[in-house]
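Pasting the structures here.
Shared between the two complexes below is chain A, which pairs with chain B and chain C, respectively.
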Partner chain A sequence: MNSLIKEMQALAQELLASGEVKGVFGWTKGSRWYLTPPLFIQKAEDAIKLHYDEFAINNLTSLLLDYRNSDDKIAIFVKGCDSRGILRLIQDKQVNPEKVLVIGLPCPGMVDKEAVKDQRHVHDLPLLRKCQECRYPNPVLADRTLGDVQVTKEPGVPIGITAERAIQKGVGSKGKERYQEVKEIEALSADEKYAFWQKQHEKCLRCYACRNICPACNCRECIFESDKKGWVNKAATTTDNAFFGITRAMHVAGRCVDCGECERVCPAGIPIMKINRKIMQDIDELFGTYDAGTDLEEAGPLNHFKLDDPEEFL
Partner chain B sequence: MKRIGVFVCHCGTNIANTVHCDQVAEVAKDFPGVVYSCDYKYMCAEPGQQLIQDAVREHNLDGYVVAACSPRMHEPTFRKCAERAGLNPYMIEQVNIREQCSWVHADKEKGTEKSIDLLRMAVAKARKNEPLSSSTIPVTKRALVIGAGIAGIQTAIDIADNGFQVTLLDREHSIGGRMAQVDKTFPTLDCSACILTPKMVEAAQHPNIEMVTYAEVTAVDGFVGNFDVTIRKKARYVDFDKCTGCGACQEKCPKKVSSEFEMGLGPRKAIYVPFPQAVPNKPVIDAEHCRYLLDGKCGVCKKICPTEAVDYEQKDEVIVERYGSIVVATGFDQFDISKYEEYGAGRYPDVITGLHLERLMNASGPTAGKIKRPSDGKVPEKIVFIKCVGSRDEAKGRPYCSKACCMYVAKHATLIKEKMPQSKSYIFYMDVRTGGKSYEEFYKRTQEQYDGQYIRGRVSKIFQVGDKLIVRGEDSLIGRPVEIEADLVVLAAGMEPRADAVALARTLGISYDQHGWYTEAHPKLQPIETHTAGIYLAGVCQGPKDIPESVAQASAAAVKATGLLSKGELTSEAMIAECNEAVCAGCGLCISVCPYKAIEKKKVSERVHGQMKERVVAVVNPGLCQGCGACTVNCPSSAMNINGFTNEQILAEVDALCQR
Partner chain C sequence: MKAFPKAKLQEVLKTLASKGTLYVPALVDETHRYYPYRADIQVSLEQNSAISPKEIFFPSTEKIYNFTAYGIDGDYEEILPDRTACVLFGVRSCDMQAILCMDDVFLTRGYIDEYYATRREGATIVALGCSKAGADCFCSSMGLNPVEHEGADAQLYDLGDYYGIQGRTEKGEKVVEALAVAGLLSESSAEVLVPEEFVLQVDSEGIAEKLQAMFEHSLWDQLWRKCINCGTCTYLCPTCHCFDISEKKKNQHCGVKIKCWDSCMFNEYAMMAGGHNPRPSKKEKVRQRFMHKLRYFPERYGKYQCTGCGRCIAKCPVNLEITDVINQVREAKVNG
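Presenting the complex of A and B:
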């Protein structure tokens, strides 16, 4: 892992020093042993601050949106899951692929510090659930790669210098069970489902963290901040929260890249991915398996007009 | 706040029987924004419309809601009424309390309750209505007719006679279509060629008709009034300007090919005209069979041609032409009888179809009009007809009736008896359907004067014994099996859509049914129009028809097409999509989802952090947009809206329903 960090630092240093890019998005070691927060550097000498480990969970891709009006080229480090977010932004025409340098990294699997109660003695933290369910551990798109990882557009097993650790930890071991939670909700009666989601939406603070981290939430003006249309009240009532939650899910329907960041960042612990996954499952069943953000040429089943579309609903 | 009026219609007793209209009008007075409300027996009638106009003026209404029948029925009426009262016609709403309430419910109290809910929603929407206006589009005063069978020819002649330019296009190199293959026509037994060829010549010579044969439509862009049609003119390898049609090349060409026009019953050459009366009567070279084009040997036609018209170097030519309207008249294919294995079609040469028999009876056909068996050239004596082959047969995927077969079988039986008085025709049928002027009389004559023996029942098997075909079936009227030793079996093969009908429909953007027949806009009231404005249907491509019906529909299509062309400009739809450029993120998802190719990208400049930046947004072409709404539901940023059905208006309706 240390050699990989050195490679990252050297590359960032070189890119910034040569002027090829004007900024680099990566991670740095935070103020706690379990924190590896995002870092944006613009000077070559800051490259040494870059860090990468199993706490570099943050998907950095939505940060690129801050540079969508910039003429400068920006470099960004991505894990497999993050790279699908880049693809989302390119497909949505929010990022000019010529203005971004994507550096693909091998992923060791991110760990879940919350899973262990006594955090003073943590040597072998378990993987995050999303990493256990991971189907795209390698970047689906990258201009450069480090740590022997390879660009892989199809679902697969981890590649690169961290692969052994990732596989041993169980990255992707539950890839086939990713709709398990959806099935559990589907088994409930309509009233039970309603009660379940009411309870979840009651908790929502409307902080919009889920929206802000999401690479698919890239509108110029979010309807939840446009008061003139009267879509939704600003007060965080259960009804309005539910309206927000469902609308957000439909907004990313067929576009969600399954990175799971919305659910991870939710301070209220709302299982947002349950509803995202439900939509994914429906799309898979109606139109055939489709993974958003894996193929630049394929806009997705909801974004085409095809005369031979299945029309079960008609 | 907008001042809204409410007008509740009784529709005689249609609504009033199931809805307390007076109560509905009374309750509506308390809806937000409503300043006037009343009910009346017939709102659409002149006094009703006057009542509305008076109320608009007296109460200074900004808009109104009519609770009545379906907007499909009377929305135009109430829009015009609004215009007469000085309002923008899009400031009104019509709410359907007849088809969607009174007609489908029996309980008057609940019907009243539902009407009130529907009305409350409509009022909430009307309060958010904005004046809309339509733009105008110039019309290209030229029509294209695709397919030059009898329907296409008739349409072209009628359009041309009305004073408009028309292009008559066919993929074969002669016009005439299926009717040219037919010998005689029921119920009057005129010779088909005698009535068709004068029309073919008329079409060819008409100053307003441009004939484009041996050509196919490959792409259609644009919209009503201005279709840009890409036409591929197939290489003929004969220069039509030089060719005089002398026919020397055909005589000398050494390559014989089975003739499609003669249904494979006779030969043609590799350079050929399909039939003697062809229009244009100039040959083309069939590249698949020409010896010179295949392996560079021969070249006889080039040597013999006195005008040096043969040009082996000719290539397909692609042209793009603009038309105001399009008539589709692409006809049909005959059902492939080899799907009926029990009838031995394809295995026994003497099991043929109706079209084969037409060619055998035709004086200019392969047998010069003498009916001879394809197998050994013997004159048949016992002839069996089997009806509904590829019609009314769900197992074969053809549940519909092909409509013309009952009559053409009667015609065949009559003509055979006339030609060969010693012969006997047996006709197996399920039902005899002879709706049509003088049709039933013709059928009766076939039975009574021409000795046609009708046997009600299906044939289970045909097999060969010696040179006879044994037809085994059942006479279901007497409930006994029957067996006939036939010399010739004629299957009344039904009609099916052209093999590439669906592909053409997709090129044109018109709809088709599960079989591939093109769908009319309304089965009763718009049988000529398609769902795509400016494209009309003529003849069998819309569904099985006989010649008189095809011709009638062809003339109707001509009227529709010229009606459109006679307008200087078209009014575009007002309720179409509009992009809010400030919100549009330029993702382009609307572009890929639009079925009408109505959305394009455009660049806009704006100031960002003190710098001018260019970005891409979507823009809607008002001529192409049909207001279907696919883009509005797909737009992730809600930048797309349908005017008159904006997201805000729909949300207002939902709110109104929830707040009752």
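Presenting the complex of A and C:
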């Protein structure tokens, strides 16, 4: 891992020093051993602040939205799951691929900081569930790669210098079980499902962290930003919260890249990915297996019309 | 000191709940916040609540009046909170200090918020001293004593197998008396447990003064870069008190005016009627949040508007830590 970090720092240093890019998004070591938060650097000498480890969980891609009107080229480090966010932004025409330099990294599998027992001393932590269920551990798109990772549009096993460790920890070991939680909800009666989601939406604070971290939530102005239109209002009641949650889920339907950031950042602990995964499962069943944000040329089943599309609802 | 065994916590809570609404930190549907006490609720005093108790006095959404409007004819009907007494049990020093910050905003300087005042007046606050610092706690760095807070009506101390209790005000003495009458109190000479050294520490001395010359500092050009402008920090913060008044219309003639939490992180927050936004980008929004906490509030009310509860640090999606901001302000070079 240290050699990979050195490679990252050297590349960032070179890109900034040569003026090829005006900024680099990566991660840095945080205030405690289990924190590796985002970092944006603009000076070559700051490249040594870059860090990467199994706590670099943040998907940085939505931060590119701050530069969508800028002429500056920005470099960004991505893990496999993050790279799908780049495709999302390019396909949604929010990011000009000429203005972003994507650097693909091998992923060691991210661990769960919620399981930290001792803040002072480093100890082992379990792999995140989303990483156990990971099907795209390698970048699906990258202009450069480090750590011997390879770009691939297909689901697969981890490649590169961290691959052995990642596989050992169980990255992708539960890829086939990713709809397990959806099945558990589907098994409930209609009333139970309603009660379950009411309880979840009751907790929502309407902080919009889920929306703001999401590479698929890239509207210039979100309808929930303004109540002037009278469609939505600011009341954080269960009904209004559900309206927000469901509207968001439907808006990212077929575009959600499965990075799980919305659920990770929810301060209320709402299992947002259950609803996103439900939609993914429905799309798989209705239109055939489809993974959003893996193929730049593929528009996605909800984005175009085919004569043989299923239409059971008619 | 008077004390009751921790094993009798449920009886203590039942006794207090029999006198009026009792709010306790509890886990319901995996959410740790203050709930009205019920016998079957899972009370959780191990660590501070994830959601601060500010919502008891300042709910995230409240109706303030119903209105009707037919042409130039209109009417309204105020909706005021009930004047009922309540007890908040287990409030930590950080959240007690935060309530004092909210008191400053809503009850002083010639403006009294009737909604806040009504709820606050009826409340008795039973604080709980911490014997263990949470992962993101730094109250001691913000000048607080985690073990006790003088602003509380009554103070609980962790004595190991017992909770010690001391009344501080008339309202607090009533709580102690109620427990004594119920035969729950005995004398204990056990030592008060205190937290070991905090993992997170920061030197906040003089930061408000230093920030006076830093509005245009280059520090702000960097701090916003990872912020996603969500409202997590402000909504979890026990002192953030911004709200917006809007409405829910039933039809074109009638509806209800509502007062809802608002956040300086949101784009619409500073938007003016003409469409001008004086805080257009993330930079201005992030600067405003920290300036308010660390400079404007101390200037106006003589205390920091951050009490070191650590909730924003724990839940910030990008780990933008106010302790780090304080450190960066301390280290920043100021010209002239």
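Heads up, the rule we're going with is that the second predicted complex is superposed on the first by the 307 of 314 C-alpha atoms of A that agree within 3 Å, B and C clash if a C-alpha of one lies under 4 Å from a C-alpha of the other, contacts with A are read in each partner's own complex, and residues count from 1 in each chain.
Note that a residue touches a chain if its C-beta (ideal position, glycine included) is under 8 Å from a C-beta of that chain, and two chains touch if they have at least 3 such contacts.
Please read these numbers as outputs of a predicted model, since none were measured by experiment.
On the superposed chain A, the positions of chain B and chain C stay apart, so the two partners fit side by side.
When the shared chain is aligned, no partner comes close enough to touch A:157: not chain B, not chain C.
Using the contact criterion defined above for the overlaid structures, shared-chain residue A:212 touches chain C, although it does not reach chain B.
Of the two partner chains placed around the shared chain by superposition, neither chain B nor chain C is touched by A:10.
The superposition-derived angle at chain A (between chain B and chain C) is 120°, Cα centres, a multiple of 10. Judged by the touch definition given at the top, the superposed model places A:230 against both chain B and chain C. Of the two partner chains placed by the overlay, neither chain B nor chain C lies in contact with A:167.
In the superposition on chain A, A:48 makes contact with neither chain B nor chain C. When the two structures are aligned on the shared chain, A:220 is found in touch with chain B, with no touch to chain C.
Annotation for chain A, partner touching more residues between chain B and chain C: C. Between chain B and chain C in the chain A overlay, the least Cα distance found is 6 Å.
Overlap of the chain B and chain C interfaces on chain A: residues 221, 230. Put simply, chain A touches chain B in their complex at residues 69, 91-94, 216, 218-221, 223, 229-231, 251-252, 255, 299, 302-305, 307. Only residues 30-32, 35, 37-40, 58, 62-63, 66, 116, 119-120, 199-200, 202-203, 205-209, 211-213, 221, 225-227, 230, 233-237, 261, 264-265, 267-269 of chain A touch chain C when the two sit together in their complex.
Interface residues of chain C facing chain A in the complex, by the touch rule stated above, are 29-31, 50-51, 60-61, 135, 199-200, 222, 225-226, 228-232, 234-236, 244, 246-249, 258, 260-263, 266-268, 282, 315, 317-321, 323-324. Residues of chain B that touch chain A in their complex: 506, 582-589, 592-595, 608-609, 611, 613, 615-616, 630, 634, 636-638, 647-648, 651.
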